[in-house]
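Here subunit A shows up in two complexes: once beside subunit B, once beside subunit C.
And now, the complex of A and B:
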């Protein structure tokens, strides 16, 4: 059964490879974009020795966590960023008449291999950051890193599923994708503790992006003292991820029955 | 055995009235009036296994909406539909295993992959056993002659080629029911003919139940033994094609060429002059009141006939007259 989804993924990758130039260009574009972003952080850090107690290495680690989970999310959930197109053009019809899970079909058809670029940047930033911040790795810490990244992916992926499900009602959701998927992550380029309490509250309990990198980084870099809320939050990323993802699936399956298709 | 059962099926769509102009658009963004339109309105019918049914109606009559409910794409507002004893919109995946769907407007194949690869994917998706897959595919290659373009990416196929492949793809898993939504739209005569032949054979040999919506009445004429006619979401006629012809299609049109040019056809009862063109005239009479030989003899007494032909009404004529008399 899972076999089928792997075949769908291979078909999607193969389709994409038909356009080799576009693929190569996209990898390049992503690399340039993230190196630019990282560059800005480095420039800022060279002016100020620390932001709210976070040194250059720690900032790089924070950034690496974000980009790495961003990379997995991009790999798996990329198709959802263009979900509106499936709805507007009635392409979702085709997905509903196949004897497979609709969400899995959407995801498999849009698997984004060019997220390779994220991993290069993400791993580099994490390694550089942990070295320069003097972080000592242990087996336990590595396991928790994997779990925390998993949780972060569930949060970011769940947000994309929620935004996509909205399109079952509104048909168009492009603006929401831009706000909640693309722009919102600017918030967590910096430690959340630099914001005023309202924003911290918002990023923790309403739109929990702080769990993607700030809270788990707080564990690795021993900064839980900076948390506005209880220090236990440093371990909560997987739990929050699980909750968001479950909610997103519920909304998706509720919304699918509202799908209106197109005329003709 | 009923393979499809539709009971009091209704689907409402919420639409918003859009006001004209820029200010209207702004006003519409602030407050707008929702209107409910019934795409289909309390529809009832059953279809037996092996039937070939034409589902006919003007644009917006609700044909596609019905098909989309039966294939599990849309959820009806009220009423119930059963396909193979399953509620399609509640058991989407189970239903999908037992039906085939072709939309003339869009392909279900993988756009950038070769046709053969699409077939292989469908084989895994529908879990088709190897021997059955091979048998089916050989059969389709033969009658649809698609083996020539198996290695071409779907995006490079012509519409006619693509539609043949789409049809084959929809039947690989031997579905009980095949839904066809305008499968011949935009095709040339040769492709249309090939597809009709194919559908006829599938229906007869595999006794696949087929439901066909189309605007091409020749499709219906050639293929469907039963026609359901839809108008503004309601069924206005449902019965065998022969019965429809019998009930509505009693009039005949006779084209007569006379030796001499003259105007009118005076003094002959029960016939109607449709049009005239120098020596040729077209008349209509009711086949149940008058036999053709009566008409000919009545005319031949008065005028010199050079040539004549009689036309039976086509399904298209009948449906047109049903619409005009509603």
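And now, the complex of A and C:
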């Protein structure tokens, strides 16, 4: 069974790498794209020195955590961003009649190898950030970093699955993908503590993006004093990731049973 | 007069098409509010520190928030469906436009103006109303500001349009232009002034930024709108916008001619 998934993945990778130049250029283009986003933060930091007490290194660390977990999410879950296309064109019906898990088929055949660019930027930002913020690494901290990133990926991936599952009812979900997958991440480019209490509450308990980078960064950079809520939240990313991901799978399987093809 | 009617038709057609997507309408407003909210929170946090406030003394907390709101609204109103030309080239439909009795550049421009006007009415205006009530900012009171802002915004949009149009034309030569779009988007985010005013860039970078077309799309019209520019600066910046429109237009014409030739060689 796993063999089939591996073949699907290899096919996806091959199709992406078919034009070597195009692929290399795409990775470069993604780097430029992120430089634009990072550039905004760098310009602000060079002008103002600090945002709500967060220095350049600390902002870089926060950004690195986001981009790195975004990279893994992009690698694994990217196919879901175009999920409505599979449904509208009837492609999803073909997936359903195969004796394989539909979600795994969608994910494996859409593996996005150009996320290499995210890892380059993410790792650079984390290393630069932790150096200039004077963060001292220990074995335990590295382990927690890995676990926290895992949890962050479960949160971001779970959100994508939830938004995709909505398409079982509505067919179209492009606008939702746009706002909940792409735009919402703008919130956590900056420390969540700059927002008013309602939004901090929202980003913690309803749409828990704050756990992707703000709360774990609070642990590494010793900023849990800035939390509006209990400092224990700095360790909660894996737990929240597990909850969101489980909920997303439940919704996905509930939706798939209710799903009626568009007939096209 | 008939020619004008043809293009007006394109404007109204693409306006109607946009109206079909009603869910996207609310999501669009929500999306705009989200960005406005993030940036107003950010500037409030920065300007609440006296040290930071003195470092960014070209603005104060009030003017920077007006800047952030209006730049974002302008950015949201400035839309262009890059995919239109790219799809037409990919499917070969572009050949159909070559035999029609009108200029493809003007036709595409009209389509995109229709789209943008739609976005301005259904997203821009509600966002202006919401922002005025939520963030306590004011529209300019004097007529003159509007008289200077409107031409500058039109020129800004035209620059934005031609840059996208040129990237669309690249699809005559490249199988995949997504990478070009991505790079353009990254540069646009950073250098257009949609996210932060160009004043905040280090002095060393200012000449480079003035040499790129991006700041003339959003930064210049927004600065005029919030009264951030002196009178002399306004005129010289509008002149620069005009220079950019003309030079980019010439580039696009040259590329279009070359593309036409290539299309003939390939046999469509």
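Remarks
The definition used in the following text is that the second predicted complex is superposed on the first by the 256 of 264 C-alpha atoms of A that agree within 3 Å, B and C clash if a C-alpha of one lies under 4 Å from a C-alpha of the other, contacts with A are read in each partner's own complex, and residues count from 1 in each chain.
Quick note on the criterion: a residue touches a chain if its C-beta (ideal position, glycine included) is under 8 Å from a C-beta of that chain, and two chains touch if they have at least 3 such contacts.
Since this is a predicted model, take the numbers as computed values, not measurements.
Contacts of A:142 after superposition on the shared chain: neither subunit B nor subunit C is touched.
With both complexes placed on chain A, subunit A has more residues touched by C than by the other of subunit B and subunit C. Legend: residue contacts after superposition of the two complexes on their common chain; A:30 is shown touching subunit C, with no touch to subunit B.
Once the two complexes are overlaid on the shared chain, A:100 sits against subunit B while remaining clear of subunit C.
In the superposed model, A:247 lies in contact with neither subunit B nor subunit C. By the touch criterion defined above, A:232 lies against neither subunit B nor subunit C after alignment on the C-alpha atoms of chain A.
Touch criterion met: A:196 reaches subunit C, while subunit B stays clear of it.
On subunit A, the patch touched by subunit B and the patch touched by subunit C do not overlap at any residue.
Of all residues in subunit C, only 21, 23-24, 27-28, 30-31, 34-35, 37-38, 41-42, 44-46, 49, 51-52, 55-56, 175-176, 178-180, 182-183, 185-190, 195-196, 200-202 touch subunit A in the complex they form. Contacts from subunit A toward subunit B in the complex involve residues 3-4, 7-8, 11, 14-16, 18, 90-91, 93-94, 96-102, 257-261, 263-264.
Per the touch definition, subunit A reaches subunit C in the complex via residues 19, 22, 25-26, 28-30, 32-37, 39-40, 43-44, 46-52, 172, 174-176, 178-179, 183-184, 186-187, 190, 194-196, 199. Put simply, subunit B touches subunit A in their complex at residues 13, 59-60, 64, 68, 71-75, 89, 92-94, 96-97, 99, 101, 103, 105-106, 108, 110-113, 117, 120-121, 124-126, 153.
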